[in-house]
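Please find the structures below.
Okay, so chain A shows up in both of these, paired with chain B first and chain C after.
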Partner chain A sequence: MLYREAGDFKTSYTADNQTFPIQFDRVGYWALLAVAVLVVPFIITDYWASSFLVPFLIYAIAALGLNILTGYCGQVSLGTGGFMAVGAYASYKLMTAFPWMDMFTVTILSGFITAAVGAAFGLPSLRIKGFYLAVATLAAQFFLVWMFNKVGWFYNYSASGQINAPERSVFGIIVTGPNTQAWAQYLFCLIFVIALAWIARNLTRGTVGRQWMAIRDMDIAAEIIGVNPLRAKLTAFAVSSFFVGISGALFFTVYLGAVEVGEVYGITKSFLVLFMIIIGGLGSIFGSFAGAAFLVLLPVVLKLVGVDLLGWPTDIVAHLNLVIVGALIIFFLVVEPHGLAQLWRLTKEKLRLWPFPH
Partner chain B sequence: MPDQLLFAIEVSLNGLMAGVMYALVALGFVLIFKASGIFNYAQGVMALFAAMTLVGIQNGQVPFAHLINATFGTKIHHFGWEVPALAAILLTVVIMAAFAWAVNRYIFRHLVNQEPIILFMATIGLAYFLEGVADLMWGSEIKKLDVGLPQGINDWIDTTTFDAFGYGFFIDNLDIVATIIAALLVLGLVAFSQYTKEGRALRAVADDHQAALSVGISLNFIWVLVWSIAGFVALVAGIMWGTKSGVQFSLSLIALKALPVLMLGGFTSIPGAIVGGLIIGVGEKLFEFAIGAPYLGGATENWFAYVLALIFLVFRPQGLFGEKIIERV
Partner chain C sequence: MKLGTLTIAAICAAAPAMADLVYPSLSYRTGPYAAGGIPFADGYADYFTLLNERDGGIGGVMTRVLECETGYNTEKGVECYESTKGEGALVYQPLSTGITYQLIPKTAADGIPLHTMGYGRTSAANGSIFNNVFNYPANYWDGASIAVNHLLEENGGDLSGKTIALVYHNSAYGKEPIRTLEELSEKHGFDLSLLAVDHPGQEQKSQWLQIRRERPDYVVMWGWGVMNQVAIQEAANIRFPMENFIGNWWAGSENDVLPVGEAANGYKSLAMHNVGTDFPIYADLNQYVIDAGKAAGNGDQVGTVLYNRGFYAAMLAAEATKKAQEIHGVADITPAMMRDGMEALVVDEALMESLGMPNFGPAFSVSCENHGGSGQAKVQQWDAAAGEWNIITDWIDSDRAVIDPLIAEDSGAYAAENNITPVCG
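Showing the complex of A and B:
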């Protein structure tokens, strides 16, 4: 049946609590996963991988991470770029120090290192709230980027100050370096995305997630009913930074291959990821994906239309891109403060009742 | 006197001047925040936009020339006239007022009663929008701004200090002018808010929106007014920074520098913005001079202000002059 609950009876709590309560959704979800894992790797081209699919997957991880912190726990962070840089440099140091290590271990370890750094920078959040915290996270952003620029140990004293990803593999398949196949890049990122989205979904509906949301909605009230703010806030910072660190590591190792920290992980990156979760929807897993897809796709589409179709110079298109992104953010905040995810929810509600809305 | 000490004094003086610049931007933030509770991230981009508009009008540039050329295949770029500085400044003020009206009419009227963080994010969107529009309108290349402000080393200070200490202080004329103008601006703002009807209405709104509304003050008018004043402050800041280092994108980044200034001073205090600006200005120059450059490899100015603000906030979360935060369930 097309999007109906009729006849779909739940007989256990597990069934009642499942992520996709409607059968149509469940089938759609598994079908999407099957296409992503079994079909796309065979038809993927270099252009699609590098211009859309791989950056989309990586930004989706970063958006998930920031959404945990900002959307679920209510702590606004402008330090995402800095934490992505931590992930990238951690993976670089691990790759060069332990050449035998496979990329899964490297990436996950970088995630843990970033989580530790993130929790440390999260400590002030116990005293500082709201805007003040947003600005305090800027300290993390600028300090970390400066540190990776200045301290030679982090970039192995290379003359250019850049870091370059050496060739490393997973189960004999090359996933980093210039000789990587598009499908290998894509699949490697996809595995992380699936695993992390699953973790995020289940964390946010469990005890920890509920504590985060209680802190977000009103921290003093949450404290009174017995939520430990120290634990809730620091776990949010740690988990969020873990996600962001992995995304930063993948962005460097798999996607770019060579990184100049100020350029790639600057303040604009922090804002970009923040926009993704605003446009996608704060406090929504689906929203993180929607926002990431939207903001990765927008410049590609604009370039296709503006440069290739209308023949405008690239700088005009780049400026138009800014105008459109800015206007869209305002538009979403005015019309639908809960982003694309809320639009999707409303559509689903309507679909459920269609064609007899009363 | 030992040389190091003289250097340190010179560095602090230059820091004070830089601090005045930060304070100018921070002032725009405080004005809007007090009157409407909006934390206006776009203040820096407003300064950039104002400066670009001023240059564009002065040189008689055609707005959106690139876009028009790209669409219609024409080759226009200048009207071919030059507008005198004062007229151009007045025109820019008018444009900033129109901008203030549009922002309130089309954005913030729809966002009344939203949470502060939503308003903040809306201004980030506004910043991007305005930056794109500014680039489309006037082109994104670095422009020279000249409204006849004096520039270069102040010879009098140089020779006087040289005679006194055997070491001439390098202080830019522009910095001195900027300090004087900033002081005048603050005095003007204080006089405006104390002695005019609109100024009193403005303070009433800042104190309590609903009470102000109930005695017949038009919130819409006050908001447009305060955004216009912030636009004017942005123009002054834009002229100063633009004359100093050219009108370019990095101008909008001073908004980020103004944030720690505000955190130190407290978001609601005009004296706080000025004191905070001076502390940050002197602090980052001295830190760079004493610790950053010799031991840490330099460029510590990028992060010093934020870290200072962060440490400071941990001990005093409401800032130096901010109102005490009282929270209730």
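Showing the complex of A and C:
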């Protein structure tokens, strides 16, 4: 009833190939965007921004990036945290070296720098696969974090080894530093999310994306039909790192403001983003968002319910959180290996037929 | 201008919720640093429970400790800060240098004071630039200098030709004392070797192998959490003489030495306050809190070093609150008033005596320029047979001639980076 395609005729290839072929989806998508852009900024509070929305948006970009590499191109990476750190440190160096630069330029340049670093670390993927590649990217993770801790130039030789985001603006609106308004923080991240999700969607359904998926499904067969594995794998690494670098930069500049590399961009971050795409759904744009939302919201909701509502001790709730996330990962791997995205897909299939299934 | 309006906005937003005095406790009872976080959080909460039960709060207004679990993680720290600041939080004590760095600009924007007792950003001692951050009674650079002064005393005032190794947590926290120790090594002519230990610090074999090879005369440690006990165990394994091994005040609790057993005997650490339960206030604590079943956590931490530290932190916060009530003549104070109270805080022997905590911490006073207190500490030594810490020195002064220029330099750099004009004098 709600969700039907009867009467929704397609008369051109463009219409047939659009991202949301069903009208209900299209309307829903535009309505969601309208709420996100036109309504949320007016009602957002500091708490909502820094506890839910900003981390969700930033993690969504990281998950999109990792999903391009792991979900679409089949190259397992455990280096996400390290590549996020590259983005953060690149933006820090740019912000301090060129104080006049606006934050859009800083963030996009950080993305490109990370893309270059990611492509360099992607070179071994031409020779090694599967678990061995995972170990190679793990080496990148540890090497990068070690380097940012060791080499003073990266943190401008500050005594504490920390990097702090100075106040910077976009079109006169402050987006970094402590005096940032919640809505500015949120909108700045949202613009990146919308643009990057649009790029990701269109890359993955075009030539490049098809090459990635061919490599993922069977690299030898892909090579035989004319896909250049060097190009496909390296572009996947570069594009993925671009996304991850932007999310790392935003994480530092907009969200945290001060970063200690070993703690913020450690191996746990790599695993967190990997869990996001596993729970959300490998090889799905929607899955990246769903996974990020799930893992950002879950601890906060548990805390709200456990501590604020039920008055349980804080440590019990923190432990429960670990137990529940662990159990959910096992549950998803067993029951729905394709993640939340697949659940959503099944729901849609059912809704199309509802209330008269076969 | 902007900061001012924001401060007012924050106060107005906080005002309706203030039926009581709210002290958020950004605690960590989970993760690799929980061994340190639990006793501190218990002590902090128990002191306020005691004030509520015995005195009916502070100045007639009940206190409320708002606990939020951070797991020593900066992201959760930010979430905790945002979720508690709206409740009228008077002062933040995050017990984490990483979270402190997050909160320094945020609290400045929101006009809420931050008290980082013996941790955090050392140059915040310059109250002229860090107007709402306090790190009395002592900071990391004091600690480094006090450790060196203690060694100077042991060596008849001469350390030239000696080697001191610093084993440090590879984070903002552990890196803090390096600058000071470098200056001091130049001044006193000892060699300094630096050994970083990565988070969480369970892996230290290579560092201690290096110590075994280089045989430094002394080892100074800047450790926290599980790192401390691993380091002391490794030191015992290579038979490093324990009396030449000095931890800072975050590497000197029962949790750090007990797992090593007999071998930890003689290990030294700095102490910013006294140890044990031999103070009159503990009788009240037993009567009103512990026997009444109102102790925080499991109630098994009373009297440990870090419990006393949490207790002490709460005492300083409560005294600052009293001071603020006195200055402004209102019982239900705002964060901005709390800041004034902290800046006017004077802790002397008479005050500690009247609180039932004679000679508990150093006597010090805070002023607009000096948010760092007296910068004194004692040295304590572990007696494994008796299972207790013994204070072995009197209050040791730090070398202000070295530290003050460093503080001026670092806080000046911060002021220049953030366009802050000094507010004092």
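Everything that follows uses one rule, which is that the second predicted complex is superposed on the first by the 357 of 358 C-alpha atoms of A that agree within 3 Å, B and C clash if a C-alpha of one lies under 4 Å from a C-alpha of the other, contacts with A are read in each partner's own complex, and residues count from 1 in each chain.
Everything below uses one rule, namely that contacts are C-beta pairs under 8 Å (C-beta built on N, C-alpha and C of every residue); 3 or more make two chains touch, one makes a residue touch a chain.
Quick caveat: nothing in here was measured; it's all calculated off a predicted structure.
Greater residue coverage of chain A by touch, when chain B is weighed against chain C, goes to B.
Of the two partner chains placed by superposition, A:Ser169 touches none, neither chain B nor chain C. When the shared chain is aligned, no partner comes close enough to touch A:Gln23: not chain B, not chain C. Shared-chain residue A:Ala139: touches chain B; no touch with chain C. In the superposition on chain A, contact of A:Asp315 is made with both chain B and chain C. Applying the stated contact rule after C-alpha superposition, one finds that A:Pro178 touches chain C and leaves chain B untouched.
Contacts of A:Gln342 after superposition on the shared chain: neither chain B nor chain C is touched. Touched by chain B in one complex and by chain C in the other are residues 149, 313, 315, 319 of chain A.
Residues of chain A that touch chain C in their complex: 46-47, 50-51, 55, 149, 159-162, 164, 166-167, 177-179, 255-260, 262-264, 266, 299-300, 303, 307, 313-315, 317-319.
Here chain A touches chain B in the complex through residues 76, 124, 127-132, 134-136, 138-139, 141-143, 145-146, 149-151, 218, 220-221, 224, 267, 271, 274-275, 278, 310-313, 315-316, 319-330, 333-334, 337, going by the rule given at the top. Looking at the complex, you find that chain B touches chain A at residues 39, 66-67, 70-71, 107, 110-111, 114, 116-118, 120-122, 124-133, 135-136, 140, 256, 259-260, 262-263, 267, 296-300, 302-303, 306-307, 309-310, 313-314, 317, 327-329. Contact residues of chain C toward chain A in the complex are 2-3, 6, 27, 29-30, 34, 38, 67-69, 71, 73-76, 78-79, 82-83, 85-86, 97-98, 101-102, 104-106, 108-109, 121, 170-172, 175-176, 178-179, 196, 198-199, 297, 410, 417-418.
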